[in-house]
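Every chain is named by a letter (A, B, C and D) in the order it is written, and numbering of its residues begins at 1.
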Amino acid sequence: MGLAKLNELYKTVIIDNANYPRHKGQIADPTGEMQLKNPTCGDLIKVSVKVDDGKIADVGFTGSGCTISQASASLMTTVLMGKDVKTARRLILAFSKLISGGDIDDEDEELLGDAAIVGSVAEFPTRIKCAALAWHAMDEVLDKTQKS
Amino acid sequence: MGLAKLNELYKTVIIDNANYPRHKGQIADPTGEMQLKNPTCGDLIKVSVKVDDGKIADVGFTGSGCTISQASASLMTTVLMGKDVKTARRLILAFSKLISGGDIDDEDEELLGDAAIVGSVAEFPTRIKCAALAWHAMDEVLDKTQKS
Amino acid sequence: MSKGLNDSRTDFPILDQEVNGEPLVYLDNAATTQKPVSVLQTIMHYYEHDNANVHRGVHTLAERATEQFEAARDKVAAFINAPSRKTIVYTRSTTESLNWIASSFGNAMVNEGDEIVISELEHHSNVVPWQQVAKNQHATLKYIGLTADGELDMDDARKQITDKTKIVAIAHASNVMGVVNPIKELAQLAHAHNAYMVADGAQSTPHLKVDVQDLDVDFYAFSGHKMLAPTGIGILYGKPEILDEMEPTQFGGEMINEVHEQAADWKESPWKFEAGTPNISGAIALGSAIDYLNNLGMDNISAYEQELVDYTLPKLTQIDGITVYGPHDPAKHTGVLSFNLEGLHPHDVATGLDMDGIAVRAGHHCAQPLMEYLSCEATCRASFYFYNTKEEADRLLDALNEVKEFFANGTSKAERTV
Amino acid sequence: MSKGLNDSRTDFPILDQEVNGEPLVYLDNAATTQKPVSVLQTIMHYYEHDNANVHRGVHTLAERATEQFEAARDKVAAFINAPSRKTIVYTRSTTESLNWIASSFGNAMVNEGDEIVISELEHHSNVVPWQQVAKNQHATLKYIGLTADGELDMDDARKQITDKTKIVAIAHASNVMGVVNPIKELAQLAHAHNAYMVADGAQSTPHLKVDVQDLDVDFYAFSGHKMLAPTGIGILYGKPEILDEMEPTQFGGEMINEVHEQAADWKESPWKFEAGTPNISGAIALGSAIDYLNNLGMDNISAYEQELVDYTLPKLTQIDGITVYGPHDPAKHTGVLSFNLEGLHPHDVATGLDMDGIAVRAGHHCAQPLMEYLSCEATCRASFYFYNTKEEADRLLDALNEVKEFFANGTSKAERTV
């Protein structure tokens, strides 16, 4: 029956990250913060980041929402922690391509690691926004960081 | 060809009344007046009436517009001159029925006389408003006269 | 499988398709309804034979278009028992109707210190326009609360509506709580305080017999697309003497009587409100939708939907860990069923149902003040129309149980701070 | 008989009918155009497969509807070379677009003593909204005059547009005079005085290639129904930074970001302007209409219409006793031909033509200030689109001569104080 397809979206990694989110909580001394909301469903994510010497020294998120938005935020923080800002933004772009059904570099895919699994959301167009929320917020924070 | 049908609308009586309108002009000492406009085409008719002892003692119209609106106004004044107000309103109602394609009393038809010929406008739905303009104006004047 | 009220289901070609490999069960009717073949044919026929701009031409097509456009207005008037076509204004939607009422009549009537009374269960479209009036006029916007059961609290209504009240604006039926509000009583209450009564009929007009003269409302607003007609056409009903006084909010095109360089005046109601080329085919199609509804009979539609609710609601409330909003007495409940499953985010539930071919809505349903009031962020909502069936209700109930199980055993007790 | 540009005529089923016993010649395209089969099929396909409310659902149909609705926005943006979908707001019509610009941006920008400049050849929809702003803000509404030929008098434009001017609002193409106005030059003039440029594109967008960035207009407005799309859908283009600042005029539904009991805020442009359920099928059908137009090529459409004008205008001006408005040089004239026959009221002429199956419009064409300016009460107007043919132009010319004869000899020199 139709529900079987659910396993493709709600893979173990996703469920696990939703149940046990990594880097959830407010970080100390953030250099940038951004809250984004999906007005249609009320999903809310606030990301905070501490950039030190061009590198992401700390990152965290708070908020509430569906399994996908929470898991995606958790996976993102894991991927971006420690990356330099340029790489981080490249990966955010790659993730954004992936979830819209696009192809990405093998290297980027490897760097995304578990987060690349969220790419399966591409087959669930109604949920792409949920997956994208945290990454969009982070991109805006890093954009500001780079510009300032 | 199609234009042949024009003869049904623009009958001799109508063309004649448009070219040589009866009772055109402002009457002296009117007891009621009313100007109506067809905003879509700009046809404008002002009717004036003098009611004396329940009878239409004088009636006239001014204004400009298409053949049908002018002819219909002219024919109306001819019919209504000298009628008592009650009969006049009955005839206006009958005329209104006639031009919408309805049936009317033989007696009313006879009283309408030449004006009944305008009834052929029923087959030209785009022009019914033109034919009706003067009669609507007159009905409103007489309604006020009766009420006051 | 049964075929809905009077086998009407077969008139809706869209319902006969598979979604995600399962037969579609469309339960998002409160958002918009599907369109019967007869309505689609009306649109096609219009564009294949009669299309022209209305009120403007002396040629045959223009006359045909105008004739059909105005005949549809008469159908709308008869459908809600309005006194005449002059009280029926074509708009885009309920939202536009309510905005016109608020921004024209509302701003003209409400003065500093006055009060506008709405309720905790209003749709944003019957909230934000009044917030704007309150802000513009330095007036106060007050809310009537709900009973524990989710019904309008009429004791509170009697407190909130006072001599300071200028306008009372309430949904005739709720798009979340599944209740029908006592508009007639509210109108009496409002009028007793010399206030005007505005009813939002978006969720009532498609489902029950509406009689605006019996309700004695001053304004009534609804949308074609929630009652079988296409998108882009809505209705604003107003009492004739009120519409006569009310100023248009848009200007230009055929609403005009005379324009000079520095000034202009308007035609009479309802035409003075309809600036520019209106949604002609939408209006004509609304007329056709009304023919379809009349043919089924509004009382039959209400009765059939009541049967579906009588069947579904008790089964739904029995699901372990479910919260169903609104009255639990099926007799008091419309075919709008809002609920949450414990520990599951409504979006995840809706995706689960979608994978099973079942279309429900998840979100705040444009009723954020109500969500705040209920202290939840979002709900799932299944909403019936007369073409739905008990079999479909069963599919919903079964799927809900499976979704629950999937998230419980499949892998997860997936989070959610809902 | 020829079949219009690229045989496109066969795509328009409505044209293949008899009216009053004669083959229909539809020459009322400036009022509204006919719809090709592909556009009608888009509407049908949408309602038979994908219909749902947009932006609101997590189910498959809702996603399909949203996807198509936004894809159509991208098509519109590309069609007028707008910088992004964010600059394209769906409205009902040109009239609504202009009203939103005037009532929101206009009222916000224009202060006491400021000036708004329009022209003598504007449609009511680009006159009356500005009269309202002038009245509200105690500003002055000024008119740019016309040359003897009926073109915009650019010398006068340079006089009327001053440092006091806040807004210049001009039709890109006239619906009566058959001229195209130099919008790019006007925009430069306006900007040189720190004024904003609004262009009414109702009569240009269907007929010529529009590039809003090259024209450098601040706002551009047009209607779907005049370019093959259904009624009830229009476009408001605005420069991104201007739309970002501009307040919506309607509130509720999905335009909202957050609503609390006493306050609310909006989404970003263009969605903040689209309150309530939009005309979804209308927007998608507009996308399909644009596909059709792109397929023909806007430059080809302009060139073909120019051919029709080159053929018709000289013959028309030769008719004895005719007055043709606007430039007599066909190169300067669009496919909108307005005229009067001496001694004949345009209504009588239009009825005569209608009896011969020819649909033209008679009246003031929603341009009463222009009629005042021309000192006539009404005109006849024949307007071409790419599906019209030279044979149809001949039918018009022949019929005009016959109508003249009918009234001259048939019986009459029928009155008329026109």
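Just so we're on the same page, a contact is a pair of C-beta atoms (placed from the backbone, for glycine too) under 8 Å apart; a residue touches a chain by one contact, two chains touch by 3 or more.
Which protein is which chain? UniProt says A, B = SUF system FeS assembly protein, NifU family; C, D = Cysteine desulfurase.
Since the structure is predicted, the reported quantities are computational estimates derived from the model, not experimental observations.
With centres taken as mean Cα positions, chain B sits 77 Å from chain A. Computed from the mean C-alpha positions, the centre of chain B lies at a distance of 37 Å from the centre of chain D (Cysteine desulfurase). Chain geometry summary: the mean Cα position of chain C (Cysteine desulfurase) and that of chain D (Cysteine desulfurase) are 32 Å apart. Taken residue by residue, chain A touches two or more other chains at 40-41, 126-127, whereas all remaining positions touch fewer.
For chain D (Cysteine desulfurase), residues that reach two or more other chains under the stated contact definition are 20, 56-60, 62, 254, 256, 258, 347, 350-351, 354, 362-363.
Viewed as a network of touching protein chains, the structure does not reduce to a path, ring, star or complete graph. Of all possible chain pairs, those that touch are A-C, A-D, B-C, B-D, C-D. Taken together, the chain C (Cysteine desulfurase) residues at the contact with chain B in this complex read 55-60, 62-63, 67, 254, 256-258, 267.
By the touch criterion stated above, chain D (Cysteine desulfurase) contacts chain B in their complex at residues 20-22, 345-348, 350-352, 354-357, 362-364, 371, 377-378, 399, 402-403, 406-407, 410-418. Looking at the complex, you find that chain A touches chain C (Cysteine desulfurase) at residues 1-3, 5-7, 9-10, 12, 15, 18-19, 21, 40-43, 64-68, 70, 124, 126-127, 130. Taken in their complex, chain B has these residues touching chain C (Cysteine desulfurase): 37, 39-41, 125-127.
Within the complex, the chain C (Cysteine desulfurase) residues that touch chain D (Cysteine desulfurase) are 13-14, 17, 19-20, 24, 26, 28, 31-32, 34-35, 40, 43-44, 47-53, 56-62, 92-96, 98-99, 103, 123-129, 131-132, 134, 141, 143, 223, 225, 230-234, 249-254, 256, 258-264, 275-282, 347, 350-351, 353-354, 358-363, 366, 368-369, 372.
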